[in-house]
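The two complexes that follow have subunit A in common; it is paired with subunit B in the first and with subunit C in the second.
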Partner chain A sequence: MSTPSNPIDPPLIRLEDVVLGRGAPPPRFDVLRAPLLGRLLKARNGRLLLQIPFLLVAVLLVYDGLTGPQLAPQNLATVTVWIHTRGLVIVAALLLGNVFCMGCPFTLPRTLARRLSGRGRRWPRALRNKWLAVAAFVAFLFLYEWLDLWAGPRLTAAVIIGYFAGAFVLEALFAESPFCKYICPLGTFNFVANTAAPTQITVHDRDVCRACPGKECVNGSARVLGCGTELFPPAVRSNLDCVFCLDCARACPYDNVALAVRRPGQEWTAGAPGDGVWPRRWDVSFLVLVFTFAAVSNAFGMVPPFYDAQAWLAGALGLTSEGARLALTFVALNLALPAVAGLAAAALSRALVGRREPLRVAFSRFAPAFVPLAVAIWLAHYGFHFATGALVIVPVLQNFLLAHGLTWLGVAPNWSLAAILPGEWLLPLQTAAVLAGFAAALFAGNRLARRDFDDPAAAVRAFVPWLLVLLALAVAALATFNLPMEMRGLS
Partner chain B sequence: MALRKARWLAWVALALALLLAGGCRRAETTDQAPDVQLTLSPDPDTLVVGPLRLDVTLRDASGAPIDGATDVSLRGDMSHAGMEPVLATAAGQGNGIYRADFTWTMAGDWIVTVEATLPDGRLKVTQFEYAIQPN
Partner chain C sequence: MGRQSKALPAIAGQAMTGKEQRARRALLPLPPLILAALILLLLPLVARAHGIGTPQRLNVPSGPYWLSIWTDPDPLRADQTHIVVAVLEPETQEPIVTGVEVMVQLRSLADGTVRTQAAVTDNTNRLLYAAEFTDHVSPGRWEASVLVSGERGVGDPVTFEVEIGPARRVNWLWVGVGGLGAALVVWLLSAGRAGRRRVRGRPTLLIRGIPVAAR
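Up next, the complex of A and B:
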């Protein structure tokens, strides 16, 4: 029996999980076996059917971004990327799964590069972790703020072009889809957010996989590429690193791969005591904390105290460069603060229960509990922009067509179209989202504590330091959303 | 299959090229009267969220007021995408002044674009930037 040609990166995927049958449970409902939809998704060009419209949109955005009006509210690139994509990414994660990675057009040239260049070299071992993803994620948030990407159609178009170029070059040079797996900031966002998703790749029968000679799901076949991020479906226990490309399902000669409907966030608390589904890795756990702290800081960047803090930094430290001030702020809020809070909580948690275990284990244990709060805060923030501006796409598209002499959508843009929800609903909805996220974090944290500690009192003591961090983040988010929002971008 | 996908992409690129070539973008509205001075005066000038009056003043190269301009329109956009623009029309008050009721609907950075058709038919276009504070 042959094994996958490339080693599978432990411990997100562990071969012993396959041997011991510890992947996700068999699906109760397999989306891929649903009438019509299943056939469509598994069709040879099923992903392409989603990618082609996304590609057309991307090309259109680049075109309008580079040649269209340079006022962000009037340009398709800025409206679509910063209002619709961001809002829908988080909604899709909660309702469907990682459909944005599934339809990602940046991987179209990547696929060509992969075919043209063969299998390529292995991604350097030192970089086969999430540290680079953490850095790229924070760097992207910094550039977004520093360069006012939301206010720049040309810059937004440049970001799209950069994504295409990055995916193509890295795929041409390396195997293992390093751009998706180790770098892409949007993919990193999607990976973490979609651990909340109601769907996940799994298999119907692990025995079929054990006996499978070709492991086409990973190795690919003459007809279909194998999994780009080298996940082995019977061992998949998490949506981390899964781009939902469904190449595994297309490649499987036994029709054994399933896109299972599951309880949202099931993976956060699944697993045996001391052997949870989530890896006990510094990089993955720190990524989750950064994802959560960045959710708050990203929203905080739009309220008056943020600008007061920037002015204070300029005066007190003499930092005249906006870039330097923002870099300092972003490193402090998105890297230093989660590191200090996480290490302190882990050390205190370990001390309170008196268990001799590596700090890494204590640091990682409750990381999954942060995801629901983080997703809720991102939803409250990006949902606000989407709710207040979703319909702006109509007049912007009308304006675009009229600029090209096309009157398909009328002879004048209707600029009064903007919000899809009344303004007075937004704060209550944001508050409800954050509270629901906090409640889910409490639920997950409690289950994680009870899973890993037999003594209920020890479980409570282990969780309390983390609970304080979660509480502080929730309060900070609620306070931020209660402040008047400002939309800056003319530095 | 690579060839098949490449063919797909080629068709898509061709379709886009045809679409774009078939409907060339019209030139954006530009200022046809650089010699004319257009100023904008907020009243009150505290620049906080809420209603206000905006006075557009038109003067020729010699500083003489220009009356009789038509279609004096104002459009306020936030720097961030996704916000409904504020649209207003200014009415002539004499002495080159045109007045409009306006509202800063949100704190943040605004770009106000003023367009006026001058009596000689030329279009005057000027943009102004404002940083609006919360009320």
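Up next, the complex of A and C:
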């Protein structure tokens, strides 16, 4: 057995006895014990199998973004990032798990950065929460709109380069993968979306972990790094913060870590009354609300009423700067609106059941119920773009190769390739997705209410204010999708 | 901590006083009003829109310009017909967004009806020009023609044929709203059934002959 290479974070050790026994249940099916796939995933360089192809793609996108045609629908960078990656991320979250964080090439310099920095400093205590992630997530959405990132191959390439630089610098300066855990907007998106995933890290036998002296899953060993985001597998109850790197499984000397198959969204409603799996924290709950409101506002930003609103703002407030108008709109729709709606719903919920509990508790109780609706809306939005433009990668790639004198894929781009689904299917499918998300939110909210309130009438009263918010979001999403949506980056 | 009931506040020994309850009741109308306002605020206005859509012609030389043309949606319908044009600078392939006029003409191949629109910089995509023929065309086959003029001169017309289908019969917004309503009804019915089941099934707990709320 290897000895720990660096001491475990003391708070984790102190929490150990508390959290052991409260993690996810032992797996019924462990993906890591599946023939071939399990061995591949757990191989020492297993993550590289995904990361290296992703890295090559990223390099290609940067190259074409900087040197290729600057019309977005004809450039690999814009088409791949804004049509394919976004569509596949959400589909992968629902079908597999956080494979995009698993294969993230931005973390490839992690090992090098860690060697350069030694162990690095601890991330400042004041920032060890999701507030920065919320800000980065909204800022990213704002920059996307303000700078027309979808229309700018060079800007898209710059974003990719910025990601590499940001991940490397923060990894070099700090321990605990702060870029992934506290900042990365894509990671934040993936963390929340993957709470719906059908897979989760857990352990086979908690007693093994209790007796384990080295805790290599977190501390790492001489051969393998420990968990970058410092999650302790027997205590993992949620996919929040888990990048699916599987370093814990590779580091475990007892082969005790599992990638369990579970019921999708299981973590939303699991836990004892008053003690759900999700932490009752302002930052986490607010992040989920922002994630949900942003799902609607992001789609809403692509239909004309959004531009009518911008024009109205320009006239009513005299805001001539587009950036200022967009900033105001994004703060209003993605920060102020979720805050006001969430606080109002929490206050009303608490008042209706007559509980004297912190507003934070009332605010966070139903936050998990928003995830299914949010995921459904993101799926309907990004899935729409993917369905209408997935095949455009073929002519864009043909064009790229031809521009470099290569005729491997033919002598002329076939620009007629675009959609993978008939156009008339899309709106019914989007409607079905939103309805399914709303039904799942209703189911989750109902279970959360019944979990925390023994009295069914009180459970209904507690949930109703949140239900109104969910309903408003679902109706807003349906109305938005019924407007023809701009197909950015589609050839 | 065990399961909570109305009679047992979350924080033991901290039941609300009458004054606090009155204060809460006074505040009760405020959150619903805020929520109602939010719901109204979130409902987007129904309006016309442009997308990019199905490629019809891409990187076609047209005099001193290159044109790329899309139709949206796919398939075109009489109640939604948009033609979107990208005007490119041939050498750099950079979009030209100022100083050009883009005219789009639709001619019915069935009866010769002609509709002409000046394509304007699209609201939702400032790099493209879009012309909208919504509700100005009938189902059938049409020939579209795009002509660009500007400081560099006048381009050659770029033409293509499109099939326009009948207006959409199903309003999916109302289908969706109906679905939401149905989900709510199912939830309300199941919540009501759960409540009745609990009332019937719960034995009265007596302590020294005094009924107390079950936990």
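Here is the rule we use: the second predicted complex is superposed on the first by the 466 of 491 C-alpha atoms of A that agree within 3 Å, B and C clash if a C-alpha of one lies under 4 Å from a C-alpha of the other, contacts with A are read in each partner's own complex, and residues count from 1 in each chain.
Note that in this section a residue touches a chain if its C-beta (ideal position, glycine included) is under 8 Å from a C-beta of that chain, and two chains touch if they have at least 3 such contacts.
Because the structure is a prediction, the values reported are computed rather than measured.
Peer 1: Subunit A superposed: clash or fit between subunit B and subunit C?
Peer 2: With subunit A as the common anchor, subunit B and subunit C collide in the superposed model.
Peer 1: Touch test for A:H404: subunit B only (first), subunit C only (second), both, or neither?
Peer 2: Only subunit B; A:H404 stays clear of subunit C.
Peer 1: Check whether subunit B or subunit C contacts more residues of subunit A in the superposed model.
Peer 2: C
Peer 1: Report for A:N298: first if it touches subunit B alone, second if subunit C alone, otherwise both or neither.
Peer 2: neither
Peer 1: In the superposed arrangement, does A:V475 touch subunit B (first), subunit C (second), both or neither?
Peer 2: Second partner only.
Peer 1: Once chain A of both complexes is superposed, is A:W415 in touch with subunit B (first), subunit C (second), both, or neither?
Peer 2: both
Peer 1: Taking the superposition as given, does A:S364 touch the first partner, subunit B, the second, subunit C, both, or neither?
Peer 2: In the superposition, A:S364 touches no partner, neither subunit B nor subunit C.
Peer 1: Using the touch definition from the top, say if A:I83 reaches subunit B (first), subunit C (second), both or neither.
Peer 2: A:I83: touches subunit B, not subunit C.
Peer 1: For A:Q266, select first, second, both or neither according to whether it touches subunit B, subunit C, the two together, or no partner.
Peer 2: Neither partner.
Peer 1: Which partner does A:S177 reach: the first (subunit B), the second (subunit C), both, or neither?
Peer 2: The answer is neither, since A:S177 touches no partner chain.
Peer 1: So, does A:T188 touch the first partner subunit B, the second partner subunit C, both, or neither?
Peer 2: neither
Peer 1: Of the stretches 3-11, 21-29 or 111-119, which one of subunit C hits subunit B?
Peer 2: Residues of subunit C that run into subunit B: 111-119.
Peer 1: Please write out, lowest number first, the residues of subunit A touched by both subunit B and subunit C across the two complexes.
Peer 2: Dual-contact residues (subunit A): 69, 71-74, 148, 151, 304, 388, 415-416, 418-419, 484-488, 490.
Peer 1: Per the contact definition, I'd like the list of subunit C residues that touch subunit A in the complex.
Peer 2: Subunit C residues touching subunit A: 1-6, 9-11, 14-16, 20-21, 24-25, 27-28, 30-32, 34-35, 38-39, 41-55, 58-59, 68, 70, 72-75, 80, 82, 86, 88, 92-95, 122-127, 171-173, 175-177, 179-180, 183-184, 187, 190-191, 194-195, 198, 214-215.
Peer 1: Provide the residue numbers of subunit A that touch subunit C in the complex, in ascending order.
Peer 2: Within the complex, subunit A touches subunit C at residues 69-74, 148, 151, 273-275, 296, 300, 302-308, 337, 340-341, 344-345, 347-348, 351-357, 361, 388, 415-416, 418-419, 423-424, 427-428, 431, 434-435, 438-439, 442, 446, 450, 452-460, 465, 467-469, 471-476, 478-480, 482-488, 490-491.
Peer 1: In their shared complex, at which residues does subunit A touch subunit B?
Peer 2: On the subunit A side, the touching residues are 48, 52, 55-56, 59-60, 63, 67-69, 71-75, 78-79, 82-83, 108, 111-112, 115-116, 148, 150-151, 223, 304, 385-386, 388-390, 392, 402-406, 415-419, 484-490.
Peer 1: Which subunit B residues qualify as touching subunit A in the complex?
Peer 2: 1-2, 5-6, 8-9, 12, 16, 20, 23-26, 28, 49, 77-85, 87, 106-109, 111, 113, 129, 131, 134-135
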